[in-house]
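Note that the chains are named A, B, C, D and E in the order they appear, and that numbering of residues resets to 1 at the start of each chain.
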């Protein structure tokens, strides 16, 4: 490899592989590096990462990658098949589908990001608290979690959207409200296995407060499995958003949300196949990307799977 | 320093009650090291955990420095009394560096001058500064146990409760840790209460030893009686004989205490 | 494929919530009861412009135009075998008034109330006699008596199934007791409606023995079903699907004008929208032709008056076309040279979001930034009825075939105060009241001379087109795609003027 | 008695592929085994267990085993087919693992696990296997064998579990038994009883026993010969009785760092390792 | 997963009271879940902008007609009072009448639920029958291309929008190839030809020996079930693989190999039996989530299932129907979880005592 020939590269590598790191920083960098090495060796995970990175790049560079924002109707040019001018053809209002897909990546990232920052904290907070505190706190919290689990998911989301009014933010919020419960369960299960661990007992013996133990000891340990689960669930989240879009409750027109694009394009599947197929394929690809990434992350982060 | 009187600990309720400790009494003087030996399940750890208030409910009285312990643990107590656990792999948080592990007690008790203390604690247990930013999985079992000891000592307690501190370690590493404990006791005049099922290890560290069986102390004796003289109890004798290696004839004579 | 004597239709019938003619006010429900029940007045499939007698033999209007006497046809029977008599006619009308469900206003506007109806609607010498107390044109009254509420139910059967004096209300929701060409076999909500032929129908036995209306919500699924020949007619195909199917020899496309109009309404309690220049500008910012020739092709045609083309007294002028410059000038005059931001609400099913987006595109060219919200009807209507909208894009279809039906709703607002809550009236919903207009609508309603009446309605429509709080955009045309062997499917302008009995295959 | 060589191993190597490069766990180990008790001692990570597993060709997936010679009863284990190996495993060479808590299938009754081992190699009927398993449980001194047969692994104590494990591995009457720290999870007294049991097997059946342990005292008092391992290599092989006279600094170091009841010391001598040992052992 | 804590705490009681207490605590948990479910749905129903009164009277209704129905429906009373009345009603087994279908909700559910049951059951079966072996196979060949293929295939099933797959499936297998029947549960002219006491057409048709109808219904069912099954399959295969990897790394597997057990026996007799224990919960959850009714699949396939019923009811502000549907789905969920807990206890000796 060329990096070996490059003295600086070699120096950096040595620094990263050094058996005795000199600072917290180096230790962190090393962990990240070794994780990365393991990750890199996993072609499937790399494929996932590639897709996700491509999504992020598309979102960032959308203005450079497209000729229009894909919002303005151009009725004379509607339903054109894919061509050199319109790579993925045009939709029922004559908008360039490729442009819409690229701009839509921002919406998708927005959904993914917003759901993650809502779901993970709620799930973690409820789950770790229930698991660590035990007793009636656990019972009460878990009953609530059970209720949310027992609720038909899409229905609950629909109800929330219906209550909050349609729109992307509300759709995301609704999805988040319906998705957190399994995370609480995961976090709780994880806490139950570590609650009796000596290092927690040791921290208690040092006089640490419950709050401190949760924050410093318990949450960091659950975080990995929650993050892994989150990436794995990302596909589901995108698809639920798409489902809400499909039912007309997600993004409002003319926002190029992929699910809504399939939804409005679905009537064209039989004659102008490209209209729903392009966003369908995009959702498929991105979900697949997140799934693969999650799987790869699990192999790297989760010592229980894989042998290395 | 530590006075335990008629200590009882029960787990569970109703018909399911396990009486883990049934009326144990002993005292440990300041600067002394006291050992608890016995078979698995005899209640050794439970005694220790009751004193450390990890199982807060117990019967009888425990006095430390003359003050009886209540079931609510106070923060000051942590500064006076610390515990070292059996399993060096489980006692350190896997995601914290050595630095973070040693810093935590200082933060909890708002002790200043943290960096100096951490460096000093590391050198006290014979580890170089290069260990400071490592994660537990990057160091060996013996070194981990040293970190655990360093953490216990960083608040400068008077009493150290040791629950089988070497049983998970290799013989060569065990020697290192035992030496460390001995040195620290000499230098700081610490009081030790140590649990082990290895008689040789206990005799090596402790001056006095209590032999436990099924939740009771069956015999209390000094290290020298244990070595040279004849222990009074058959149970103790059997333990001693087993420590000495395999002896076909002796094994035939073993009694199971159940 | 379905058997030769069974006619299978795919349609989105999720809107059916009752099949009681006194209560039905939904499109699909209206279509179904038109097959099950005969009515007092009626349009025959051969000539859907001429109002003729249904269960009556003849009718006579009294001198003062306040009473009408209906003599009954002989020999007609209900599905139970009971004869159809004047008693049944009177019972049916009284029942509508007494149950007082939503569509009852169609006949209660004549001045009937639960208290006086027994007196005003009665049997005299074996004939049914009705008397009105308001000054309504008899033509209007007769027209209204061709609506679903004038369906004749079998008094004996219905009373047999009555509980707690509810006049059979609970039972009739999903049962039939009529004398129409078909009788109801089952209605499974969101699944199907199935009917069997009434061989004794007064105009002869229907062409098929059984009709099944299958609920298929997805146009795509309908498309596959019709292509495979698993159904005989698909009712909800999109224009693009229809265009694609045109080359298919196995199917034929039948296009019929419908009376529904799509309109945009401007809430007059909104400061910007209450400016007539703004409204006028918006009317010039609609690409009527562009839409009608592309994604609405075959399903909607340009129509700008409140009463649809093809109906009596229709007004077919289309003065507006997309004219950005003119609109900009108007906006400048109105004080909005750079446009403004505005919110548009509409339904979430095709084609409303598409139309809204096209409007958004053209309005933007004059600087008007439109933000679109789409919603289910059940969510949209409460907001509309509470006057909480700004711009709204919606549809209206007449309740009966008289222009009064639409113009009363679009133009007549007797009390514009919020407390009046005339929530069924479009003019009130948009907080629009014009005294002249009110007077014109009442005058037209009461006019007995047909030619004069027609002229009055033309005036109303012309005035409404320019001054009303609306931009009326399109009139619906329906494209039914059917298997080549299906013949005789007749679909008239209103949602209940659809005839299954003429179908054969 | 030590004349009949059951097992001969020459230059056994086990290498693992890891993300950090190859790890040589065993580097050229040679020994032979007769109908005797051979102890393998060494500090943790010295390659004791991997040597044992390599004999059964059951190294982890990322491991590679090579040897100049690895012959069992005339069968070349390096080249034997997977089929042959399956016939050898259990029936002729067996292995007891360290921790019964993890080595017994948690959802299968312990008795059935023993019976299975018997049926695999004899094709006996279920009834017959059950009877044999019951007998075997009695042989390993379990009272109330009938009751224990129907217990699940989590219902038996550590000592009992270890005996079940032993019964399972002994039921096909193997010629060689590798016991990998069979007693380190047990109380000292139970530990002795288990060893006594193994002792009986060697004496009564003429089985070859490899006892892996890091307890030098134990090995010295129990085995016939002791092999000392360090860093994947054999440092020396000694008569067990003369272990305490060992000269190799590594062996001495291991011996010295044990605290002893008889000889109290103030400080324990700590083992100092010497990279040169590995060179010498070549 | 229902909470097993309470059961664990009472772990050492004698058998009979323990079973009793477990049942009691299960019942209490069921009741609490039930109350929570109805309460949330109830609140949602009241804060929704969709107006239940309009659902009855239509959007052109006069204010007077509106008010009359508003009062009839009791909407003027405080919400807690309405809720309590409703609870009282349900306890007598009366879920009220659906606005949309004009029938008692109970009757509706008895009609729509079997359709979903049929679909979910077949889908889960497909998921298990293909997914489990696929997952095991992938785990056994971990890291090889077979594993990669199986994983990507599984993930693909997980990633594709279900309605998109459904439409594509319809186009290909019904539209082009004609292998299966189109949307709907059964060809329309068979409708009502057999008595359907259970509502599960396959079962009823087989019961009456109406094989023509059976096959017709089956050919309608197989495509939607296949699409849902693909999703179940993907999830089950993936979990199986990961559990299997866990188990294959366990010491007891090594012990089995040391005994000389064949590869087949090591995989299926030893490792898989432990995997099965974990899979029970997963399969239970999958089944429960499918029983919620996949609104999207049901829409695409014009399948009159419970998911569609609840959704359309929701859009129509038909709260009685929504509440009834949610309660039934919730009870199913809790019930299946209890069942899988029970099975779990049966399959895992560690959980039994």
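The rule we apply is simple: a contact is a pair of C-beta atoms (placed from the backbone, for glycine too) under 8 Å apart; a residue touches a chain by one contact, two chains touch by 3 or more.
The chain lineup, named per UniProt: A, E = Peptide/nickel transport system permease protein; B, D = Peptide/nickel transport system ATP-binding protein.
Treat the numbers as computed from the prediction; the structure is a model and nothing was measured.
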item	value
Number of steps on the shortest touching-chain route linking chain C and chain E	1
If a chain touches chain A and chain C alike, it appears here	E
More contacts between chains, D-E or B-D	B-D
Centroid distance [mean C-alpha coordinates] between chain C and chain B, Å	88
Chain A-chain E separation of Cα centroids, rounded to whole Å	25
Averaged-CA centre spacing for the pair chain E and chain B, given as whole angstrom	53
Multi-chain contact sites of chain C, meaning residues that touch two or more partners	218, 220, 224, 375-376, 379
For chain B, residues that touch 2 or more chains besides their own	none
Where chain A touches two or more other chains at once, by residue number	162, 165, 266, 269-270, 307
For the chain D and chain B complex, residues of the former touching the latter	43-44, 158, 187-189, 191-193, 195-196, 199, 214-218, 220-222, 253-254, 257-262, 264-271
Residues of chain B touching chain A in the complex	52, 54, 73, 75, 77-79, 82-83, 85-87, 90-95, 97, 99, 104-105, 108-109, 130-131, 133-135, 138, 148, 151, 155
Chain D-touching residues of chain E, taken from the complex the two chains share	250-252, 254-262, 265, 269-270, 273-274, 277, 347-350, 353
Complex contacts: residues of chain A adjacent to chain B	19-24, 26-27, 31, 197-199, 201-209, 212, 216-217, 220-221
Residues of chain A that touch chain C when the two form their complex	72-73, 75-76, 78-79, 92-94, 162, 165-167, 248-249, 252-254, 264, 266-272
